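First chain A sits with chain B, and in the next complex the same chain sits with chain C.
For the complex of A and B:
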């Protein structure tokens, strides 16, 4: 069971690094990198649970594949927004984007 | 019973219709009083021989209004309707140039109120009718309100009768509280001191309405009204109400009260007889004579013979109304009722004079006219009473004086040359009088009644189931007094006849300050006292008002500073909170991410705590 705890620890560290990156960076690209690292951490957890607790059940793998797909779409949308933002404003700094202020 | 109600409702409906339609007033009034006459006659036929009908109407709680028809009330109802009908006939002629709507509405309403008073079976209805009559008498006496002095005369009549009405109120209060019912016939067996008090108070009310000494002054002032009003007032309605009250309540009166009633009546018969002898105005003479004749009726009640009073009441109604109607014709012919202007008026209008003289002789008690029988009945009753030593001299003197003033009036009307009249110079023949036909018809009917009512005395007694006192010797004495008084009055001037009494009599024996002293000053003093009371009550009411205003102010301030302040604080707080929440919406992506992360952490902590606690 040691392997499971090691895997979970790796996943937690990855999630924490991703969260820190997301909150501390102001560049849109860096934020998205943080988000990807957080998702990666979550995927490590998912795979670890599947491999060590329910190796015969396949829904875990399916769930993994779905999250991978969502990450790809995430990236596509995020970079689309980033490109559009850069073209119109010349910057992807989130500090300069205040249009959503209520 | 519906027929009995007709006697009230007929004239009442006529009065209402006259006020609504405002035309055809004489016809409506005649129709109304004719209906009343019809109803009264049929009622009389049905109760003849001792029947008794009564009806109860819804009234005050525990004091239902009632009508009661017995032979006595039925006879009185008939005589009221007969007289009011013929006075109306006369008035059609008399009022040819007056405001007929006001006149006939008042007269018809007046007749209705009198009928209600006559057949009322309970005190409440009787009081109401009594009050309505008092008020209408004020209106009718003040009919010519635009003439000087008329308003004062009406007010005086109203005040006099109102003052005396207090007696009726207190008496009714005593009777109802003693017997626990307002039914008149059941309150009459109250005995003891309550009966004495109630009897004296009723006497006060009756003396006010029937113009007995010392309250007789208003009646002569009431001559300011139109002559048909006087005729109706004096013969069958207002003034008769007092006598009727005493006749109807005579079973109640203990012997001490009867003595007071008889004495008051006798004194009035004497005093107002003297006033009548000295009077210089035909209508005022007749007014004084009315007081005197009602004095005779009180005398009969006091002598213990209300039946004699009833007979005299009826006979007097016919005689006095015809006298007034005759006086009205002379008044229209000469434009005045002062004897100085009326000299010789009788010789000009012989038919009117014949009617007037017939009624006058009847009043004086000349046989075989009506007054002879009724006065004989009263004299016989007086001589049969236990107080003969006190009442008989008064009655005899009153009889004599009646003959004297009748003789005087006839003599003054007959002698002297043709006088002046409105629109014609002295020396011309009698001029035409507007509406003479109607006036003549009314006068003729009533004079005929005055002459022939004597025949009805016997059947009347049978109808009422009582015996009318008779005494041949005393009847002879009455005839002697009448026949002696008439020529004395005709030939001897009043000044020589009365000697030193003439001056006071002419002024109406105003002892005790007259009207001012007896009524006006006490009333004014009471009014001032009440005014002061009123003012203090007003001040208290104002104080209460101010205090409640202050309370209202205080509560308004509390409202503004308390509740309003609270609401404002709440609003301000909400707005502040909103403002603060707005600052969260910075639009900065990383800030919002931070918030999301914190939120997620809180939720996680929640879950972790839940797992640890074991939920």
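For the complex of A and C:
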């Protein structure tokens, strides 16, 4: 029982740290790093649930692969947007991106 | 089981520590390396949880992902080495409160919910891989195929967004 709680606690703390990073950073790359930390926390929970609650059922591992895909896509699209933004404005600082505010 | 818990705790503490370092250092390259170590520690934690395939996958994926991230950081950041002491945070108090609430909320669910009795043993690596492969090719095939198509769409979208338009190329040419 203890091992499950250790994993869930690590996942929860990683989620909190990632949330702090995502909300507090002004740079697009650092914001993406915060999202990666949060998704890392989610991965820990997924593996823990598979290992300690349903070790003979594999949809949990499939879900892990999907989350990993989301992590890679987040990076690819984020850097695509970052590159476009850097070309047009010379910066990827969120403080300077106010066009969508209206 | 006790040894497994001890190793999970050690790798978990390492992952948390490096995740904190990501947002505390002013050098972007150090941030990328700290995130790499944090995700690698999570991979080691998966290995300790007997999820061998997922652990190795996590370490390999994150090593390449963070290497690419470090290159982009140096390209995009005005002060990648952190020597200028630039302030790159905002709404810190609000972010801290949100982070603490998020972490304690998740901890509350983790410790408050009744998860049932944990299983002491897990299938061996070969059996796990076989089970995962069968699941991907049978029950979760549609999900797996959708992920593949989504990756393709995102690759095309990211490339289309990042490619310089004619006007942007002309502007860059004027600058030179």
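To be clear about the criterion, the second predicted complex is superposed on the first by the 101 of 102 C-alpha atoms of A that agree within 3 Å, B and C clash if a C-alpha of one lies under 4 Å from a C-alpha of the other, contacts with A are read in each partner's own complex, and residues count from 1 in each chain.
Assume contacts are C-beta pairs under 8 Å (C-beta built on N, C-alpha and C of every residue); 3 or more make two chains touch, one makes a residue touch a chain.
Every value quoted in this text rests on a predicted model; they were computed, and no experiment measured them.
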Clash or fit (per the criteria above) of chain B with chain C on chain A: fit
First, second, both or neither for A:43, with chain B first and chain C second: second
Which superposed partner A:4 touches (first chain B, second chain C, both, neither): second
Residues of chain A touched, compared between chain B and chain C (which is higher): C
Which of chain B and chain C A:97 touches, first, second, both or neither: first
Partner chain(s) touched by A:26 [first = chain B, second = chain C, both, neither]: both
Chain B versus chain C as contact partner of A:16, first or second or both or neither: second
Which of chain B and chain C A:65 touches, first, second, both or neither: second
Minimum Cα separation, chain C to chain B, after superposition on A (Å): 7
Overlapping contact positions on chain A, where the chain C interface meets the chain B interface: 19, 22-23, 25-26, 95
Footprint of chain B on chain A - complex, ascending: 19, 22-23, 25-26, 31, 94-95, 97-102
Contacting residues of chain A [partner chain C, same complex]: 1-30, 32-34, 36-37, 40-41, 43-44, 47-48, 50-56, 58-59, 61-62, 64-66, 68-69, 71-73, 75-77, 79-84, 86-88, 91-92, 95
Residues of chain B defined as touching chain A within the complex: 582, 585-590, 593-594, 597
Touching residues (chain side chain C, partner chain A) in the complex: 1, 4-5, 8-9, 12-13, 15-16, 19-20, 22-23, 28, 31-32, 35, 38-39, 42, 45-46, 49-51, 53-54, 57-58, 61, 65, 68-69, 72-73, 75-78, 88-92, 94-96, 98-100, 102-104, 106-107, 109-111, 115-119, 121-123, 128, 131-132, 134-136, 139-140, 143-144, 147, 150-151, 154-155, 157-162, 164, 168, 172
